[in-house]
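My structure is below; once you've seen it, I'll send some questions.
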Amino acid sequence: MKNLTLTSIDAADGSGARRERSRVNVDGVIIGESPVVIAGPCGVESEAQTMTAAVAVKQAGAQLLRGGAFKPRTSPYAFQGLGLQGLKILAKAKVETGLPVVTEVIDPRDVNWVAEYVDMLQVGARNMQNFTLLKALGRIKKPVLLKRGMYSTIEEWLNCAEYILSEGNPHVVLCERGIRTFETYTRNTLDLSAVAAAKELTHLPVIVDPTHGTGRPSLIAPMSAAAVAAGADGVIIEVHPEPEKALSDGDQALTPNQFFTFMQRFQAVTQALAQSGPKPSVL
Amino acid sequence: MKNLTLTSIDAADGSGARRERSRVNVDGVIIGESPVVIAGPCGVESEAQTMTAAVAVKQAGAQLLRGGAFKPRTSPYAFQGLGLQGLKILAKAKVETGLPVVTEVIDPRDVNWVAEYVDMLQVGARNMQNFTLLKALGRIKKPVLLKRGMYSTIEEWLNCAEYILSEGNPHVVLCERGIRTFETYTRNTLDLSAVAAAKELTHLPVIVDPTHGTGRPSLIAPMSAAAVAAGADGVIIEVHPEPEKALSDGDQALTPNQFFTFMQRFQAVTQALAQSGPKPSVL
Amino acid sequence: MKNLTLTSIDAADGSGARRERSRVNVDGVIIGESPVVIAGPCGVESEAQTMTAAVAVKQAGAQLLRGGAFKPRTSPYAFQGLGLQGLKILAKAKVETGLPVVTEVIDPRDVNWVAEYVDMLQVGARNMQNFTLLKALGRIKKPVLLKRGMYSTIEEWLNCAEYILSEGNPHVVLCERGIRTFETYTRNTLDLSAVAAAKELTHLPVIVDPTHGTGRPSLIAPMSAAAVAAGADGVIIEVHPEPEKALSDGDQALTPNQFFTFMQRFQAVTQALAQSGPKPSVL
Amino acid sequence: MKNLTLTSIDAADGSGARRERSRVNVDGVIIGESPVVIAGPCGVESEAQTMTAAVAVKQAGAQLLRGGAFKPRTSPYAFQGLGLQGLKILAKAKVETGLPVVTEVIDPRDVNWVAEYVDMLQVGARNMQNFTLLKALGRIKKPVLLKRGMYSTIEEWLNCAEYILSEGNPHVVLCERGIRTFETYTRNTLDLSAVAAAKELTHLPVIVDPTHGTGRPSLIAPMSAAAVAAGADGVIIEVHPEPEKALSDGDQALTPNQFFTFMQRFQAVTQALAQSGPKPSVL
């Protein structure tokens, strides 16, 4: 694709040579080698809720902790996140569990100071084309998790990564999280072809969010397995101690027990796929 | 889902018991156990082209041969298929290779006599809600491959299977082939969540068509692996001796050599997944 | 668009000259001059229901009566229409009111005999690409109302008209009825740009179905006015004596009283637009 | 719709009474009475280009001038707008023509100082759910033009207006600009039902952008007429002195001459519709 200068898998010299795949280091956890699991609650609601979730996902084998302190919500009257207090809770959860922390940022004015508290900053689907936010993230050194917009073509998504790289930050991980279609059984339509496509077009790691991508706990295990088979470098999963009491997106989160079962299966599948030979890719 | 009386995974007595998964026997090849591969040209164009493709897919390890004798085409001036002559070529290819044959039927008046020539009748995406065709297929005994419409919800798709079963034919295999979205990098958006969903809602086998689902040869291998990881019972792949000369859909078909490589990878992945334990499914 | 040989507004000789606009004569009612209104129940359910609706739409000023005797339904267990009995009721309603009758046909085997009972045959959205049905309709002399598929591009829609014309029947009226999108407030997304587009690409008349296009009685009046302003040659509206008791699509039908009010407004708008000068069209 | 507290057409007391329709005053031009026309170039590229366009649209009868100083672009390497220099050119164009000015703002940090230069601030489709931007706009007194996101439901769009009103700024005008669908003949699918829907759900004025909504100059006139017939309070049209040389979106802009012809037709249609009685609305 034209304009993909820095993110392209093709070397800049036009020789037809291909760049090496990027590996993104999130405080010691490498994304871009064997599949990683990021897990945690949708929103940070309280210290107790976050700690419980963090300990549970750590014990089950997750490598990174997710949790939202700034929540972009459809209605202005819905829970908007705890802000700074939420970041402090996440920092404490990291101390407790050792898990590096990923959190969403929605305002370009917040990028620098939020980066002091967490290990990876996430751009949410609604902000994928918030170009001032992307530029601000391009000027820090912390890794960025760039979710695909629910309405965005693959080309637009990769161009948004290009915005970050062109400002100087090469530590970008792409995240497919489902696109909006006419289907209503699933909350979104998880587009795994976009994972395989992004892997053939760019050198960046790509992970998958089956929680938002399907909106159904029962589909998270099969779609996570499918994601890795399609070439994904990991998954990001919502886990909540009491999903039915969650302040946001509760009906799609896994309980700690469900997540434990999920991890058993996920690890078996990723090991089996790893032993089956090189990752599925272009012919 | 309401109205899914015969296709539902839930037993009819309301006890909460679940029905056994169906296995569909296509002249000796069982769909619903380990993953099967159906392969062959989009359209039957000549005896030479079909025989070459049939021998190649057989040698590479495919279990069923596909080929269209009746082609539903956007324009009335495009190649519409060879009709009866095409069916005779397919019958000959079966004699030559031993592969049972799958072909599309588009007219309810053709169902009975076409069923004499082939082993499985396919309903194409454009005809998914051609209810008179579905009813005609419900009155024969041969297996039916029911593609999901490119615009159809999962609920509509399963109701179309219900049309066939309710007329008396239980031998139905579902096929996800991509839905129409705003994305243009891929020809359609392959909806693998629909595979996992169909497997949790019905007892029918489900296969995947990554050729139409992606429209890109380079994505067929990763998406086939992903399909099986999501729970699919097989894939259907277009193979053409000379894709660049094909009368329909040439730019998405694999060559015999590409298909041979594909099969190596596909078999390694399906074996690895089989050894990793029970198929991914509901928690 | 390539392949639009007979339906194109451009003369076949490549001179850049434009063909004259077609007018389709439905037993004396001309579609393609001033806007017409087709109205009546979704399905013919009984003689009483159909007669009541027919008399009401006639009194309010509709020029054509619609009513379905063959209903393509999502579930095999839903009301499928009265078939021949329904056609006889429609014929009787025509005798009573003088309104020519439009009805849907879904099986190519029915085309010839159904054409004996009604004045215009409709292809429904689900059957737009039922090519064997289109070919059968191309071999009769009666006018055809071709609905756009809910998933179909404008190009595919016009190619389906080309199927009918290329078989010898030039009496085709196009009907935009809404496409399937992510929006859920409306049942479909009525695509009025497709009306203006079809008018600049072909010489065929184009009408609009705001009942299915919006699924909301409150939006039928504004969208009918908008349709005519966009260049439509008429509208088709569902009217039911008792919408809450309808066997199909009751929640979107107008009552006779609502339809009477609708007609007052519709006629005022179409008259005003007619007096405002030539129809909006290309610059 | 729940949560639409301040934007709802229904009075807050639950009495079933309806609020009066809002009129938004943009430095003397009232939006919410008879239809207004906003016109001008996509981006401010130079003083000469902007002045030429401004004078042309003024002479043709437009009431407000549009022009972008900050351009949200898919690629980081595309023209991003002139920024402050662009705002100064717009201010000069206002002095020259007397037309109040509308411009897009994309960064919450820019809201206050940009509001010093222009009369109305626009939220573009890509930023509809940039909630920090919405909140910043809710704290100024200048009118806001809120475009619907290309992927956004009507409910989400109205909730974004609610974000602005709930922060204290009641001067909001909604703008439908087309949603993203599978159709490719038009750049987007202009959803005029959303206009009629927004008018029945809220008291806010609603305008339509047929330039982005269709992407085709030939469709701008018919779709503008349709917009007004559907109940729209105005349209926003891109006009460029030399569309083929435009730095953004040139292929969809009207030339000054085309815009002059457009205005003749638009005024005839709006007058005719005004004289035909009350605006089309709910039954």
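Annotations
Order of writing sets the chain letters: A, B, C and D. Residues in each chain are counted from 1.
Here is the rule we go by: a contact is a pair of C-beta atoms (placed from the backbone, for glycine too) under 8 Å apart; a residue touches a chain by one contact, two chains touch by 3 or more.
The structure presented is a predicted model; accordingly, all values stated were derived computationally and were not measured.
Copies chain B and chain C of the same chain sequence form an interface built mainly from equivalent positions, shared numbers / all numbers used being over half. For chain B, the chain with the farthest CA centroid is D.
Between chain B and chain C, the centres computed from C-alpha atoms are 34 Å apart. Our note on geometry: chain A versus chain C, Cα centroid distance of 47 Å, whole angstroms.
For the pair chain A and chain B, the distance between C-alpha centroids works out to 33 Å. Annotation for chain D: residues touching 2 or more other chains are 151, 155, 180-182, 184. Taken together, the chain B residues at the contact with chain A in this complex read 151, 153-155, 179, 181-186, 189-197, 199-200, 213-214, 216-231, 254, 258, 261-262, 265, 268-269, 271-273, 275-277, 279-283.
Interface residues of chain B facing chain D in the complex, by the touch rule stated above, are 180-182, 184.
Remark: chain B residues 3, 5, 72-78, 106-109, 126-127, 129-132, 149-152, 155-156, 159, 162-163, 166-167, 180 touch chain C in the complex.
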